[in-house]
Structures are given as C-alpha cells and as structure tokens.
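Please find the structures below.
One chain, chain A, appears in both complexes that follow, with chain B as partner in the first and chain C in the second.
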Partner chain A sequence: MGRKLLLEHINVPGINTFDVYRSKGGYASVEKALKTMSPEAIVEEVKKSGLRGRGGAGFPTGMKWSFLAKPEGVARYLVCNGDESEPGTFKDRYLMTYIPHLLIEGMIVSSFALGASTSYIYLRGEMMPQVRILERAIAEAKAKGFLGKNILGTGYDLELYVQPGGGAYICGEETALLESLEGKRGNPRIKPPFPAIAGLYGCPTVVNNVESIAAVVPIINEGGDEYAKIGIGRSTGTKLISAGGNLKKPGVYEIELGVPVEEFIYSDEYCGGIANGKRLKAVVAGGSSVPILPANLILKTINNEARLMSYESLSDGGFVSGTMLGSGGFIAYDEDACIVRNTWNFARFYHHESCGQCSPCREGTGWMEKVLHRLEYGHGKMSDMDLLVDVSKKIEGNTICPLGDAAAWPVASAIRHFRDEFEWHVTNASEATSRNYGIAHYADPLKVVETA
Partner chain B sequence: MLRVDEAQEPVEFSPALISKFDEIVSRYPQGKQKSGLLPILHLVQAEFGWVSAPAMDKVAEYLSILPIEVYEVATFYTMYFLRPQGKYVLEVCRTSGCCLVGAEKIMDHIEETLGVKEGEVTPDGLFSWRGVECLAACGFGPVLQIGPEYTFYENLTNESVDKLISDLKAKAKN
Partner chain C sequence: MKVTIDGITVDVEPGTSILNAARQIGGDIVPPAMCYYSKLAGSGGKCRTCLVKVTKGSEKDPRPMPKLVASCRTGVMDGMEVQNITSPEVVEARKGVVEMLLINHPLDCPVCDQAGECHLQDLGFEHGAAKTRYEFDRRTFEKIDIGDKIQLHMTRCILCYRCVFTADQITNTRLHGILNRGDHSEISTYISKAVDNDFSGNVIDVCPVGALTDKTFRFKNRVWFTKPVEAHRDCDKCCGKVTLWYKGEDVIRVTGRKDVYGEVEEFICNTCRFDKKKTADWVIEGPRKVSHQSVISANHYEFTPLPVVKTNPVLQAANKDQFERETRL
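Right after this comes the complex of A and B.
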C-alpha cells in the first residue's frame, strides 16, 4: 500500500469543512511556514523535494519559483491553474471537490514563499460547482484568520480569489490562462518574456497546477528531503492518476511514482483490470496529448523491462516506443475500441480547441480531422496515413504554444503503432463502418486464463 | 454566429445584478476591471439564458471597454450562448473517454427523446442539447452538465436520462 500525502483523509466525513480539516492536522504547514520559515527557506524546501509540475510539463516547481523576478515596488502574483481540460484528466476536479482546504492551504504557503499578496485560482468555466466550493472554503479560512490581513498575527496579508474561465482548452496553457484572467481571448503569448518576468498585468507571476500547489503542503510539513525519498529517481513524491476508459474501477488514485503499470492496471488496489473481462488493447498514459501505446509497449519497455508509472520510465524509448506521464490522465482501451475512431475524436477535439493564432495548428488540425473522418467512415485512401504524418510533422514545433504538438502527437503515434488498423479501414471500408478491427498482433501480452 | 446588426431586445441590468458585478470587479487591481469580463458574462447568461448583443454593449459600458472587446471574448469561449437556448441546455461530453463508455449512444437517445437536433430548441422552449468537449469527469462517464449552475450528471444510462428529462419537465411546471 503506497503512502497517501494528498488524499489520506479524503474519506473522512466533513473533510470539506474547515473544522474537520483542521482537526486532521490541516493548516499546520501555514503555521510552520509563516511563523518559523523565511520565504527563501520555503523555496529551498520545494527545490529539495524534487517536485515536478503536475499539470503535464513536469518542470521542477522549485526551479520555476526561483526564476521569479523580484523588482522593488512591483506586485507579484501566484496564479493556480485549475483549467484541467486535457481529455482523460479529472484529478484536480476531484481534489477541489472533496478536499478544497488542501488547495487553499497550499496557496497560502506558496503565496507567502513568492511574496504575493493577491492570488488567483483560475478554474475552467464548467467547474462552477467547484467555484462555489472553493469560495465557501475561502470564506471559512478567512473567518478563522488564515486569509486576509495579518494572517495569524504574522503581519502577512493575502487575498485569494477564484476566477472562472469560459470553456476553452487552450487556457490551460499558462500564458493563455493569464490572457483569459485579464479578460481577453485565450491566445497564448510569445515567450520570452516568461511569466516569471512579465505575467499577469505585466508583473512577475508564477502559474502552478492545482496538484503542484497541494503537494507543497506535505513538503513543508515533512520537509523536502523526506518527500524526495518517496518515488523513484527524479520522479519524486506521489502523483494523482485519473484512470478512465474501459477499466473495472475507474477513478482518481494517488500513487507513489514508480508503481509498475501492470500493477496499476490489474491489481485490486488500483484499477482492478479491464472492465467486462475484456483484454487491453491500448493506453493513453498521460492525457490525450501524449502518444498512444499498444498494450505490449505500455506494460514493457522495448528492452523488455517492466514499465513503471514515472516520468522517466514512461518516456523510455522516446516517441518511438515510449510516451509521457503528462498530467496523469490514464485512458485504457479494451479490445473493442476502434483506434481510428478514437484518433478522429482527438483530432476533432484539437481542431475545436485550437485558438486560431498560428496557421499550422489552425489549418493543420482541421485537415487532420477531415482526413481521419473520411478514414473512419470508409472513404479513406492508402496515401492518407502518410498525409496525416506529414501534416502532423508540419504542425509540431511550428506553433507559439504546445497545443500544436499536443494535436500532432496522438495522430502520429496512432499511425506509428496501429498502421495496420488504419490500412484495414481503407481495404475493408464497408466492413470497417460496421465492425471493429479487434486486438490484432499488438495484443495484450499477458496470458489469458482459459475458461472451462 | 454572432450578428450584432440584427434588431435585438434591449436589456436592463437590475441593481442586484450590478452589485454582483461590483463585487467581482473589486477583486482586481485599480484599472484592471476588464479581468471581470468572463465572470460577468456568466452572470449575464445566468440571468437572461443567453448573451445578446445589447447585453454585451451594456457590459462594455459597465467595464469602460469597447464593445468589440466583449464580442471577441464572447465568441471565443464556448460556454457563452449567442442565440436563445432552451431553459435547460443538456451538454453531453463527446470526447474519447466518454465515447468509450457510450456517450454517442446517450446523445442519440437524447436526440430521439427530445425530438430536436443538436443546437435546436424543443417547441415548448424547455430543452436544447449539444455535444461538448471533455468535461474533466472521464472516470464517471458518460456525463452531462446543465447550466447555469453546471450541475453534473454522471454514469448516464438511457433510463437515467429519461428520468432527468421528466424531472426537469416537472420542475419547470412548478
């Protein structure tokens, strides 16, 4: 049984209220940080912890904090990224719904460390219930003296606000998020300057994912070194994994980084295997943007080592035979899933969500959607697969923000690993609209127990 | 599609609504009131059911920004309705995770039950529906949400959708 740092008390009745949360040791990190630590010491602890951004990019949080410019007399901001729109990811919604005070506690400590006196939690507009939950929790914390003027008598002031977005995937990109928070269209900005120099209202700003900010709480409570002992190699600590798709027990799991993928999918402690006794066909391990892998490659690396749930192990083999941990949006596909249809679904998503600023992404995502649509509906050509790869290569790396890459990778990887299925959609067009290709040779390599 | 040249009913914001706007604007530094645009448009939509061009002009006036600054935002974000909708808009997630567990069948069922196509309003003005992209509830699919509270309905089946629709019809009568 792995350690739970974030979700330990998630099942305690009333943990969403201040009093119950406090009775379980909540807000201890605020007392410790504000009363006994300097902001620099907090940044140092977070650096020591090895915490990496939980939103998807995996950039070390402590390092991001240390880049923050600190000019005299200019306000600094901490903005929490709760846009969570990556298909497959729903951990932040879960955390904010059931244990909102954990995020608020993390926001107070992090804001203090960064010297911010006004901080914003930006949520996607669809999360109106979570906006209400967080606003209620903020009011409770304020009434108890943990927010507002002169917190706990230390002289530190902090105001915390929740801002809803308007329903746009692109606002999960940090500069688009800042534009949106300023009341504009969510068009990503050209970097540099990075938000650490010129972010919200042109002031130095740090943007962190909900889970990253929540993880600051155990780091301060137990110390960065203790946190770094959990996990494996440079993948330290615990990670929330949103498990969905054809799994027996979908849901949000907190794992110690380094759990084998096979154990995560099949053990009863986690997902409990594939639903309805089916076999595993493919997995998207870190949200829709990361390359999709067939069952054999997600369970074992190309060198036949067990693949682990960690940043390094999942990316072992690069994009040839590996993928990425990303945001931890784990989607499992069973033998009945159609990879062509799924790829079309993703392409439609990215076409819909492209902000339209950069031509390669605006046009390319549209063309990929069109071509995949015709493949799925039996009008494809053999040359379409090369065409798709060609379009994806022309988007990748040629856009201001990573949405272009995110749109290109799932298409390119699906064709790389499931080309036979795409070809079958061309050669057996009429059949392809009525039945699925099935599991084929990239099958689940695990032994099937023969039923009598 | 946004048409600002059409004749649309003028709107008035009630003092209660304006005071909510005031509270939102107080969250930002002096001179950065434009930051309140997205939350304010949500309030307008909750009040009137959609965001009309005259309402956007009023919002622009309130925030001391140009009308185009409001139009460009309202057309960029997918949650703002630029056309009148049914009283209840059923927004069903249609992205990968939910499709694996039957979201497309749920949408077919809704279309059949309500008798209107995606984006259309039922003759009694009560319902419209549409497919939306990932709602961050992939473990509990298929899901749908209904504004303006954005309440979630998870693990949908044809039966639970039928019940939801009849409950909403009963609620609308009272």
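Right after this comes the complex of A and C.
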C-alpha cells in the first residue's frame, strides 16, 4: 500500500468543508510556514523535496520559483493553472471537487513563499461546479482568518480569486493563460520574456499546476527531505494518475512514483486489470499529447527491464521506444480499440484547439486530421503514413508554444509503433470500416537484441 | 554587439533582433518575413518563415539554442552565431512552413490584384515545391467590404496579424481582430463594421498577400503594366510622400513608398490614397527605382538602341514603331 499525501483523507465525509478539513490536520502548513518560516526557507524546502511540475513538462517547481524576478515595488503574482483539458487527464478536477481546501492551503503557503499578495486560480470554462466549490471554500477560509488581511496575525495579506476561462485547451499554456486572465484572446505569447520576468500585467509571475501547489502542503508539513524519500531517483513524491480507458477500475489514483506499470494496471489496489477479460493493446501514459506505446513496450523497456511509473523510466528509450509521464492521464486500450481511429480523434482535438497564431500548427493540425480521417474511413493511401510523419516533423519544434509538439507526437508515435494497423486500413479498406485490427503482435514479448 | 550570420560579422546595437541584424548585412542571408513589420509594435513571430538556427548563444554562454528560433523576435547577444541559408535544417523547416502557408491559399494569382508584388508569391517561388501534397478542399470565405474602399478576401489570408496591429495602433478603439480559432480563424471587423479611420487604407499596404485590396484599383490592371512614380503633396494629415502607379496618363493607384522588404516608409492617409488621383494633385519627383529582379520592372527598360541601330535611320524608325506598339499594350 503506497503512501497517500494528497488524498489521505479523501474518504472522510465532509472533507470539503473547512471544519472537517481542519480537524484532520488541515491548514497546519499555513501555521507552520507563516509563523516559523521565512519565504526563502519555504522555497529551499520545495527545492530539497525535488518536486517536479505536475502539469506535464516536469520542470522542478523549486527551481521555477527561484527564477522569479524580485524587483522592488513591483507586484508579484502566483497563478494556479487549473485549465485541465488534456484528453485523458482529470486529476485536478477530482482534487478541486473533493478536497478544495488542500489547494487553497497550498496557494496560501506558495503565495507567501513567492511574496505574492494577490493570487489567481484559473479554471477551465467547463468547470463551473468547481468554481462554486472553490469560491465557497475561499469564503470559509476567509471567515476563519486564513485569507484576507493580516492572516493569523502574522501581517501577511493575501487575496485569492477564482477566474474561469472560456474553455480553450490552449489557455493551459502558461502565457496563453496569462493573456486570457488579462481579458485578452488566449494566444500564447512569444518567449522570451518568460513569465518569471514579465508575466501577468507585465509583473513577475509563477504559473503552477493545481497538483504541484497542493503538493507543497505535505512538503511543508513533513519537510522537503522526508518528501524526497518517497519515490524513485529524481521522480520524488506521489503523483495523481487519472486512469481511464478499458480498465476494470478507472479513476484517480495517488501513487508513489516508481510503481511498476504492470502493477499499476493489473493489481487490485489500482486499476485491477483490463475490463471484460480483454487483453491490453496500447497505453497512452500521460495524457493525449505524449507518444502512444504498444502493450509490450509500456510494460517493459527496450532493454527488457520493467517499466516504472516515473518521469525517467517512462521516457526511457526517448522517442524511439519511450513515452512521457506528462500530466498523468493514463489511458489503456484493449484489443478491441482501433489505433487509427484513436489517433484521428486526438488529431481532431488538436485541430480544433490550435489557436491559429503560427502557421505550422494552424495548417498542419488540420492537414493531419484530414489525412487520418481519410485513413479511418477507408480512403487512405500507402503514402499517407509517410506524409503524416513528414507533416508532424514539420510542425514539431517550429511553433510558438508546445501545442504543435503535442499535436505531432501522438501521430508520429502511432505510426511508428502501429504501422501494420495503418497499412491494414489501406489494404483492407472495406474490412476496416466493419471490424478492428485486433491485438496482433502488439503484446508479444520483446525480442531481446543480442549484444556482441 | 557583434553577431555573425552565415559567417558574416556585423556590429549592431543591443536589443536588435537577428532579422534586423541580417538586414543590416543585406543580401541573400536576410531571412524572409511574412508577418514581421518593423513599423508595427508587437508584430512578428507568427508566420515562422524567418526561422534560423542559433549555433552559439553568446560569448558568455556559447551553448546553441535547442530549437530553431524566429529571428524577428529573438534579440542578438554579443558573440552570437546564427545560421540561415547555410543550415540545411533551416532551409528544410522553411520549406515546410511555405508548404503549410500554401495549403489553404487559393493560388488564384492569375486573378489576384496582389500578383507581382505578393510576398507569398515570391516566397513560394523561392522555397516552395512545384506541387502540393495537399489533396483536400481549401477553406473559403465570403468577401467582406471593410468600408467602401477596402475589400477583405479572407480566403487568401495567411493570418499574419499585420492588419490587426495596424488597425490597433492607428485607432484607440479596437475594431479589427481575429475571430475563431485554428485554421478556421478569420480576420474581421467587429460584426462586419467598417474600419472608419483616416489611416485605415494602410491595412492594404501592410497585407503581404491579396487578402486586403484597394477597391478603387481592384481588377483595373496588373501591377507590371503600371509605372511607379514617386510624388508628394502637402497633406495636413500625413507626410504626403507616396508612390503613384500610372497607366498611360492616368494615376490608377496610390500607395505608400515601400522599401526593399516591402515595408512602407511612412503610413499615408486615406485622402492621399483614395481621393487624389490626378497628376495635378501631386508634385512628381521622378520614376521609382524598382529592383531589376521584380516583375514590376519588366516593362520599364529605358530605350537604349543597339549600336547597329544607332547608325541606321531606317532601323531606328522601325524599332521605335515596334517599341511604341508594344508599350501600348
């Protein structure tokens, strides 16, 4: 049984109210941080903890905080990125719905550490229930003196606002989020300058994922060193994984980083195996934008070692045979899933969500979607696979923001690992519209390459 | 600050972008730019045609930059080394960008007013492939009139945002912007309102393609049949320095004076642009110098007879006849 840091009390009735949350030891980190620690000490603890950004890129949070420019007389902002809209990821919504005070507690401590006296929680437009939940929780915390002027008599002031967006995926990119928060069209800004220098309203700003901010609470309570003991290697602490797809028990799980993927899928503690007694065909390990892997490569790395749920182990093998932990949107496909249709679906999503600012992404996502649509409906050509790989290469790395990369990777990886299935869609076009390709060799044990 | 672009070193002011440093060197190593416009604050970074490779970040931090960067929005550092046409990676990426720009472009150059002075045409000619690999319907839009003098044909637009910045920076209220997202986004005025401003005509000049055209010139002539002449007048609104485009005796179009990168030197007002179309309104300065590579210069060779013609009066007369016949067309 792994340790739970964020979701320890998730099953306590009424944990979404201030009183119950407080009776379970909530807001202890605020008292500890504001009364006994300096902001620098908190940043130091977070650095020591090795916490890595939970939004997808995995950039060390403590490092990000220490990059924040601190000019005199200029306001600093902390913005919480709750624009969770990656297909397959739903951990932040879960956390905010059931245990909103954890996020608010984290926001208070993080704002104090960064010297921000106004902080924002930016939520996706579709999350209106969560907006109400968070606003009620903020009102409760304010009434008890944990927010507002002179928090707990320490002289620290903090105002916390919840701002819903318009429901655009692109607003999860930090600079687009800031534009949207300022009331403009959510187009990503051209970097540099980075938000740590000139972010919200031109002031130094830190943008962190909901889970990263919530993870600050156990770090302050237990100390950075204790937190760093959990996990494996440079992947420290616990991570929320939103498991979805054809699993027996889909849902949000808190895992200690370093759990083997096989255990995560098949053990009863977590997902409990594939639903309806089917076999696993493929896995998208970290939300729709990371490369898709066939069953044999997700369970074992190319060197035939067990793959673990950690930043390093999942990316073992790079783009050739690895993937990424991303935001933790774990999607499992059983033998009945069609990878071509799934890839088309992802491409359709990115086509719809591209902001249209820079040309490779604007035009390329639409192009890929149309080619994949043609393949799925049996009008494809053998040359389409090479065309898709070429288009994805022309998008990747040439765009303003990472959405271009996110659109290119799933397509490129699907063709890399599932080329047989794509080709079957061309050669057996009429059959492809009535039945799926099946599991084929995608779950076969990997051939061990003999080394001389 | 010293910066080396394709092996040529130049001294520039701190804060200069790589593109502007390249323009100070000039020649083939200047990256093409479809969206950057030096007179418009905040423009650039969108079209990605000006991508370059930074092989050495600076003297202090010599690490190369991991990705190709947009040269119009990346400042130079002391000792920076940049590769543009010497890097196959850049040439390949630029080819890709040009292909992307062209997949939704109608390629209706034969009926487009911009043909001959279109940046996308030049870019496609220099970097594009002869055939497209795109086999689907291109997006189309209805033509919209922005006021009585400007027509917007979104089908041709490459979404460079230049006109948005122009409209934003010449007026206080925002009337002109982008609607929708991705490849269905379109330039539009707020619910088809007219951009009603004395300087609104400049959106025609900044447009790199034929998406925004002058309705007083639409379908009147091809640019390479017209003769550009520099002229000025006393204008109380603008500088009054323009280029007149003559067809025979008539001024059929008035535009701002564009430099080698297709950027106007100064913005002109709508009165100069649309209403003053008589030679009498202007003080003529002389013919405009057009690069001999441009299609606009195609019909403007000066009459220099061959040596053999010079000595023969009969040939001379015949030659003159022929020349007059041809220039009448």
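Please note the rule applied: the second predicted complex is superposed on the first by the 443 of 452 C-alpha atoms of A that agree within 3 Å, B and C clash if a C-alpha of one lies under 4 Å from a C-alpha of the other, contacts with A are read in each partner's own complex, and residues count from 1 in each chain.
As a working rule, a residue touches a chain if its C-beta (ideal position, glycine included) is under 8 Å from a C-beta of that chain, and two chains touch if they have at least 3 such contacts.
If you're wondering where the values come from, they're calculated on a predicted model, not measured in any experiment.
With both structures placed on the common chain, the touch criterion links A:E182 to chain B but leaves chain C unconnected. Of the two partner chains placed by the overlay, neither chain B nor chain C lies in contact with A:N221.
Of the two partner chains, chain B is the only one touched by A:G88; chain C is not. When both complexes are overlaid on chain A, the residue A:G397 reaches chain C alone and has no touch with chain B.
When the two structures are aligned on the shared chain, A:A168 is found in touch with chain B and with chain C.
Within the superposed three-chain model, A:H352 lies in touch with chain B and with chain C [touch as defined at top]. Of the two partner chains, chain C is the only one that A:P360 touches; chain B does not reach it. Put chain B and chain C next to each other and count what each touches on chain A; the higher total goes to B.
Residue contacts after overlaying the shared chain place A:L387 against chain C, while chain B stays out of touching range. Counting contacts as defined above, chain A residues 168, 185, 352-353, 355 meet chain B in one complex and chain C in the other.
Interface residues of chain C, counted against chain A in their complex, comprise 44-49, 51, 67-68, 70, 73, 93, 96-97, 99-101, 103-104, 133-134, 136, 158-159, 161, 177-178, 180-185.
On the chain A side of its complex with chain B, the touching residues are 75, 84-90, 92-93, 118, 124-129, 159, 161, 163-169, 180-186, 201, 242-246, 250-252, 284, 288, 329, 331, 333-334, 337, 341-342, 345-346, 349, 352-353, 355.
Across the interface of their complex, chain A is touched by residues 27, 29, 32, 34-39, 41-42, 63, 65, 69, 72-73, 76-80, 94-97, 99-101, 132-141, 145, 147-152 of chain B.
Interface residues of chain A, counted against chain C in their complex, comprise 168, 170, 185, 190, 351-360, 362-367, 370, 387, 393-394, 397-400.
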